[in-house]
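Shared between the two complexes below is chain A, which pairs with chain B and chain C, respectively.
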Partner chain A sequence: MSFTNEQLERYSRHIILKEIGAKGQKKLLNAKVLIIGAGGLGAPTAMYLAAAGVGTIGIADADEVDLSNLQRQIIHATKDLGKPKVQSAKETMNDLNPDVQVNTYHTFMTSENIREIIRDYDFVIDGTDNFPAKFLINDACVMEKKPFSHAGIIRFKGQLMTYVPGEGPCYRCVFKDPPPKDAVPTCKQAGVVGAMGGVIGSLQAMEAIKYIVGKGQLLTGYLLTYDALTMEFRKIKLPHNTENCPVCGTHPTITQLIDYEQAECDGAL
Partner chain B sequence: MSEYNIDERVDITDVVCPTTFVKAKVALEELDEGQILSIKMNDGEPVQNVPRSIKEEGHQILKLLDNSDGTYELIVRKVGDD
Partner chain C sequence: MKIIVAGEAKEVKDGLTIAQLLIDEQVETPEYVTVTVNDDFIDSSKFEITNLQENDTVEFLYYMGGGRYVVY
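Showing the complex of A and B:
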């Protein structure tokens, strides 16, 4: 595949970089990334990956655009109210970059459909807003041997980590099980600063880009936390003992996906 | 007197800065180490900047030929295998 003059110009700032170059840009154009959740995290992630020329982007979300989403979900606009989020997200991505093939999944991810959907992709972004979905994505990615970026945001705080099969702990190694229902407030109840999705979602996009071009160090084996009020980033080393993990350990006890009860956020993330 | 054989040619007269350098860089990336690229460029900004940028990338400039029609041919040997 060779670049058109238009592509050379569009991706010139990438191609000039020694770590990306023409080879890295071709990897991006050939890459397939699935973004689960077209909300606060998924919006900036999807926009940066589309702008970067990730050739195939899947976007999954069952919700429609609501007025309360627009404070942070910058891929959607006021004119999109009522539209399926995946449709609105696809339109924005294609406006940004017609090179990108966008696949939409206007559905909830469940134990029934997730493995089949993620199988077609090279990297998965968890941009969801609830614990059942986060554990489902983790377990499915472990079972399908797919790398993924986990993230969560609430109030003035955010966190993320990256799972790469065989290269470090998974989300369940660290967090074991979902908290009891209602033990943790959803962001609808607790609130979240809109720009937090921009900070953490952009970091997820960065992890996906580095994974695709194969340069730099990923957040495998680390949890990065961000507190906007104190302006502190902390990079916390995670235990590498994956032997006892019930899903990615050497003797897994979770071999089927689990649909935990949803204490969902009504699409607030 | 031909002290080199040109393996590949690229014409960057149809683009402007910074795509001139980007197009040349992409053509160089596709060559093997030691191969020779001839880059056709316009007088003015390209001929001032592109040879310098290519040199900074570590490649070897062999010759700059004036085509006497407002364009130049820059002959470059690729160094490194990136």
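Showing the complex of A and C:
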């Protein structure tokens, strides 16, 4: 595959980098990334990956665009209110870069569909906002041997880690189970600063790009935490004794995907 | 004795348990925090009986979902 003149110009700032170059840009154009969640994290991730020329981007989300989303979900605009988020996201990505093939999945990820969907992709982005989905994505990626980037944001804080099969702990090694539904006394809307999605989602895009071009060090074996109020980033080393993990360990006890129940909370945001 | 908690050196009493450290550090939801000491995950059932040693490095890892809900 050779570049068109337009592509040479569009990706010139990548091609000029010795770590990416023409070879890396071709890898990006041939890569397939699935983004689960077209919200605060998924929005910036999707836009940077589309702009970077990731050739195939899958985007999964069951929701429609709501006014309260627009404070942080910058892939959607006021004109998109009521539209499926995946549709709005696809339009923005294709406006940014017509090179990108966008596949939309207007559905919730469940134990029934996730493995089949992620099978087609090289890298998965967890941009979801709830624990049942995060554990489902982790377990499915472990079972399908797919690398993925976990991230979470809340208020002024964020975290992310990267799982690569065989290279360090998975999300379940670190957080054994979702917080139990019945054990949760109350839930409150937490709030999040919109720019947190931009910070952490952009870091997820960076992990995907490094994985695809095969350069640099990924956040495998580390949890990166960010506190916007104190402006502190911490790269916390995670234990590497993962052999007892119920899903990625040497003798897994979780061999089927689990659909956990989301804790009941007052009032959807 | 000296230990390192979340990257900061602290002076604590000898033999402090993880359960007590969680209280001293005012960790909001100790039942949902993952604790690592040096290079090991510590099971939450062991918090009461795990005594920290001089120069141990302790990290608290918190569940973090999205902005929509928080668990208290």
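The rule is simple: the second predicted complex is superposed on the first by the 256 of 269 C-alpha atoms of A that agree within 3 Å, B and C clash if a C-alpha of one lies under 4 Å from a C-alpha of the other, contacts with A are read in each partner's own complex, and residues count from 1 in each chain.
The definition used in the following text is that a contact is a pair of C-beta atoms (placed from the backbone, for glycine too) under 8 Å apart; a residue touches a chain by one contact, two chains touch by 3 or more.
No experiment lies behind these values; they were computed from the predicted model shown.
Participant: With both complexes overlaid on chain A, does A:Leu17 touch chain B (first), chain C (second), both or neither?
Facilitator: Neither partner.
Participant: Figure out whether A:Gly158 sits in contact with chain B (first) or chain C (second), or with both, or with neither.
Facilitator: Second partner only, chain C.
Participant: Could you tell me if A:Glu9 is touching chain B, chain C, both of them or neither one (first, second, both, neither)?
Facilitator: first
Participant: Of chain B and chain C, which one touches more of chain A's residues?
Facilitator: Answer, by number of touched residues of chain A: C.
Participant: In the overlay, answer first, second, both or neither for which of chain B and chain C A:Ile258 touches.
Facilitator: Touch partners of A:Ile258: none, neither chain B nor chain C.
Participant: Between chain B and chain C, which residues of chain A are contacted by each of them?
Facilitator: Shared contact residues on chain A (touching chain B in one complex, chain C in the other): none at all.
Participant: Please give the residue numbers of chain A that touch chain B in the complex, ascending.
Facilitator: 3, 5, 8-9, 12, 15-16, 18, 21-23
Participant: Flag every residue of chain B that touches chain A in the complex, lowest number first.
Facilitator: 14-15, 18-19, 21-23, 25-26, 29-30, 82
Participant: Could you list, by residue number, the parts of chain C that touch chain A in their complex?
Facilitator: 6-7, 31-32, 34, 36, 39-41, 59, 61-72
Participant: Which residues of chain A touch chain C in the complex?
Facilitator: 39-41, 72, 128-131, 134, 152-155, 157-159, 173-176, 179, 183-192, 196, 223, 234, 236-241, 263, 265, 268-269
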